[in-house]
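The following pair of complexes shares a single chain, chain A, combined with chain B in the former and chain C in the latter.
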Partner chain A sequence: MNNETNSSHNGSSSSVQRDTSRPLTEEELDRYSRQMIVPGMGKEAQLRLLNAKVLIIGAGGLGCPAAQYIAGAGIGTIGVVDGDVVERSNLHRQVGHSTSRIGQPKVLSLITHLKELNPLPTYIAHTEHITPLNAADLISGYDLILDCTDNPATRYLISDICVLLCKPLVSAASVQTSGQIIVLNCPPTPQGLLEGGPYPPCYRCCFKKPPPANAQLSCGEAGILGPVVGLMGVAQAGEAIKILASNLHIPPAEGEERRPVEPTLLLYSYSLTSLMGPFTFRALKMAPRKKSCFACGEGSQERLTLEGVKRGEPNYEFFCGLGAGPKQGVLKEEERISPREFVEKVQTQKEGKYVVLDTREKEHFSFGSIEGAVNLPFGKLLSKAAQLKRSGEMTPGVEDLLPPETKVKDGEEDVPIYVVCRRGLDSQEAVEKLKEMGLDKGGKRKIVDIAGGMKAWKEQVDPSFPYL
Partner chain B sequence: MSDPKDQTIDITVDFSGGLEILFSNEKHHELSVPAQDAEGKPANVGFLINYLCKTLMTDPRADLFVLGGELRPGILCLINDSDWELEEEDAYVLQPGDNILFISTLHGG
Partner chain C sequence: MSAPRPPKGHFNILYFASASSHTGKDMEALPAPLPLRKLFDILEDRYRGIQETVLDHCLVTINLSYVDMPSSEDEDGEENAVVIQEGDEVAIIPPVSSG
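What follows is the complex of A and B.
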């Protein structure tokens, strides 16, 4: 579903005239004057930008700031790909949207903003997610691609298609307080070519295998600070403008002097608790194209083809461990209680004592919990358990596993423990761990999981609960 | 001269991209590590990874750092700011003053 939103764009991308010698219009001279007088820029570089076509995949925390500067700089054709709609929780970082556009497709919302900033470029809306079926069609019409997506399966897909179609790729990612950016496949090099190298790496050369699914952090789950992801998006636009203005995406002509490829991963990492971290920006030297790379290495033409990708080979979801679905519960029926039952059978029985252990991170806990709950983050619980195990103090030291507030008087050791987390997965493991450590006193003390976590609590008990 | 078994090398080790949660939430560590492994061979990065698991890791979820005897997929190791593939990967022999950085690759955006 392509939607061209500028009447000046005259049909298919190949028919656009790439005029590299025309005079600039009055408006262009004025609008781009400050960037054109930067040493190394000038008219020729600006015309390259005006003739360039950039595809921004993802209209989120990276895509919004990247698109603003891409549009501001006067890139001639700007495509945006995203299938999501704007949500309120996006707006702290996805600054190309607005409160009044909540519920609109992100692509249309962002283009509305970009047109306001600069009406001259041709904007092309792709209001769909990129998939193995549409990826080649989306990417083929552009000169340079920005990967502003949010999951590993899509990142491998985009890189593979960029290798196959010989497109330079500027890839960035961010979560919590860290960000990364790297320029890949630039200048684009034919798939499988190694002779005469070194050649630039692709995404797979740098990141051969994705992390296991349990180690993948998403912004929705783990959080993200706006300026951290924003900086990475702005840096993507900076790299794109540099590459296009200087024709760095075109392999050097014979006899042309150019600095050799130096693949660099820029790492940005910031600490909320120290004024100056041990490092904030770090430029890391990466290896060039690898002979062993699945996508661009020796014999890769046999493994990776456009037709193959459309057929589902390789299977990106499977490769990234997403086929298995969410981890299933491990506990027996009698070890679990629903939030509603907990209220009816436990909370309202005023005489019965009990302990509620909330294993969410302290930031989540700071917004509230079940009345009387004590916070012991899951990671900390595991660390303390491991420490106790190592020191061999299983009993009686095992009581120290729980926060002091949960201490009960002698003779009350059978007071039950109810464990709750965010969505009901960690809490089940916590119940198992506490039992393994002997806190259930051989079955005398009940340790029960509150099924579905605080998410279910909000749904079943307290709709006003500030669940994040 | 002291027994070579007792000699140590001073290095710095950094974690980023969330790996720091396994190491008492500290991103930067100044360490004196044994100069030799148990067999008397000079300590290399492979030895360091094991050593970190045994001595510095506070979170028991070691599988978030090492999987199947190797650095978990999705973690890059950088030796003095260069991808370890440009050195000799885990066979790189530690030198005094080295900085070893482990970063978890990110996917969010």
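What follows is the complex of A and C.
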């Protein structure tokens, strides 16, 4: 859906004649006065903002704060892309939505908010997710793109299309207590051009390969603090305004001398316990466009084309390991038990001793667990196992792998261990790892995965369980 | 905010995002000098599995500047090879993709 919600400008085509020398209206003079008098701004810079078209992809934790400042600054045309609806768990960080708009498409909710803030811009709602099929059509109509999305496949797609269509890209990301922001492909440079460089990098120049699918953290699973992601979104708007006000989104004209902008990645981390201090900003000097880059390097025109992307080449989902799905069938049938069976066959049989190991993070564990469960976060289990392996102390040190609360008396070394996690994936790997370390005593001790994790526990056993 | 100075004969290594969760640390000091191409081997030795889950796709900076990671077999250009020096600050920065 492409719904133009204000027709005072012609906002849909990519090549309109822009009147860059009109007088400002009374309302514009008043509304933008405080930013226009900042040194380096002035009327010309404000007119550039008024004539600019910005596409914000993602109306979430980054997109909401970014959009507020983009709209406030008077960017002439603002497009927003997102296919999700507002949920209650979004609201601690997605400040452009509201409790009364839960269930509404995020794009419409955010635009409602932005119109309140500034009714002058033209807002364009794209209530759909960006995909290889629609990406070029969405991006081609704008001068500058903000990547406010939440997954690697989409990040590579957006960067590739921005290279192909010669658009500057302001990319940010955030999870848990850290965030990053970088300006890419700015000034926009033709694909494959290396001579006469250095030229600005694209996302692939910086991050050649995505992390393996099981190492990718989403905000839903790993958590995110509102101000951390908010800060990154605000910084995106700041970069966008700077680029547009100084015309950096337009490639230099022939013979035009321009001081090159050093590609810089701003890294923010926010942790009370860090040795680096309670918060850290680091501005990292990045490398320019890489000769070997798949998308913008030497010979990239042969590898990456608009037609190719539409046909499914490259395959972004596959590249980011999403096609594979979760690891299945690693464990034998007798090594798995459903939560319901666990209650019936294990918990209610009072005489049999057993240990329940919960491998969720301690924050998840703090809300509740299976009765008697002992917490050993999955990451800790893996690093402890690696440590033991390194020291060559497989036995008897292997018992130290488990928390001391699980210690059993002599002669009870065969009490079974039941492993549970959040959704039933880590627990399977944990069972494997414990067996590999020899904790199953060559098969004498049962180590069993509670299938489906605490999510299945809530569904099958205890609907009131506080599953997060 | 700056990190504490590394002890004599050491450099600081900072771990961000998933590098920090994998190592259970924000930073530590490692012995210097160290050829850059040996860095990943040393980390893999300390933190089994970190190469595949973190290092293979992260970016590395020395003193706030991006460096290209040479492969550990790469013996060419020995004389031009980057060496991490005492007092340097190395950072391991995995991509973050959520938002």
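Side notes on the structure shown:
Throughout what follows, the second predicted complex is superposed on the first by the 443 of 468 C-alpha atoms of A that agree within 3 Å, B and C clash if a C-alpha of one lies under 4 Å from a C-alpha of the other, contacts with A are read in each partner's own complex, and residues count from 1 in each chain.
The criterion applied here is as follows: a residue touches a chain if its C-beta (ideal position, glycine included) is under 8 Å from a C-beta of that chain, and two chains touch if they have at least 3 such contacts.
All figures in this text were calculated on a predicted structure; none of them were measured in a lab.
Partners chain B and chain C, brought together by superposition on chain A, clash. Legend: residue contacts after superposition of the two complexes on their common chain; A:Thr280 is shown touching chain C, with no touch to chain B. Once the two complexes are overlaid on the shared chain, A:Ala386 sits against chain B and chain C alike. When both complexes are overlaid on chain A, the residue A:Ala222 reaches chain B and chain C alike.
Legend: residue contacts after superposition of the two complexes on their common chain; A:Ala172 is shown touching both chain B and chain C.
Judged by the document's definition of touching, chain A residues 58, 60-63, 148-152, 155, 172-176, 178-180, 206-212, 214-219, 222, 224, 229, 232, 265, 267, 269, 271, 277-279, 282-287, 379, 382-383, 385-386 lie at the interface with chain B and also at the interface with chain C. Residues 14, 16-18, 21, 27-28, 58-61, 64, 67, 72-76, 78, 81-83, 85-86, 101, 103-109 of chain B are the ones that touch chain A when the two sit in their complex. Residues of chain A touching chain C in their complex: 58, 60-63, 148-152, 155, 172-176, 178-180, 206-212, 214-219, 222, 224, 229, 232-233, 265, 267, 269, 271, 273-280, 282-287, 379-380, 382-383, 385-386, 389-390. Residues of chain C touching chain A in their complex: 1-4, 14, 16-18, 21-24, 26-27, 45-49, 52-54, 56-57, 59, 61, 64-66, 68, 91, 93-99. Residues 58, 60-63, 148-152, 155, 172-176, 178-180, 206-212, 214-219, 222, 224, 229, 232, 265, 267, 269, 271, 277-279, 282-287, 290, 379, 382-383, 385-387 of chain A are the ones touching chain B in the complex.
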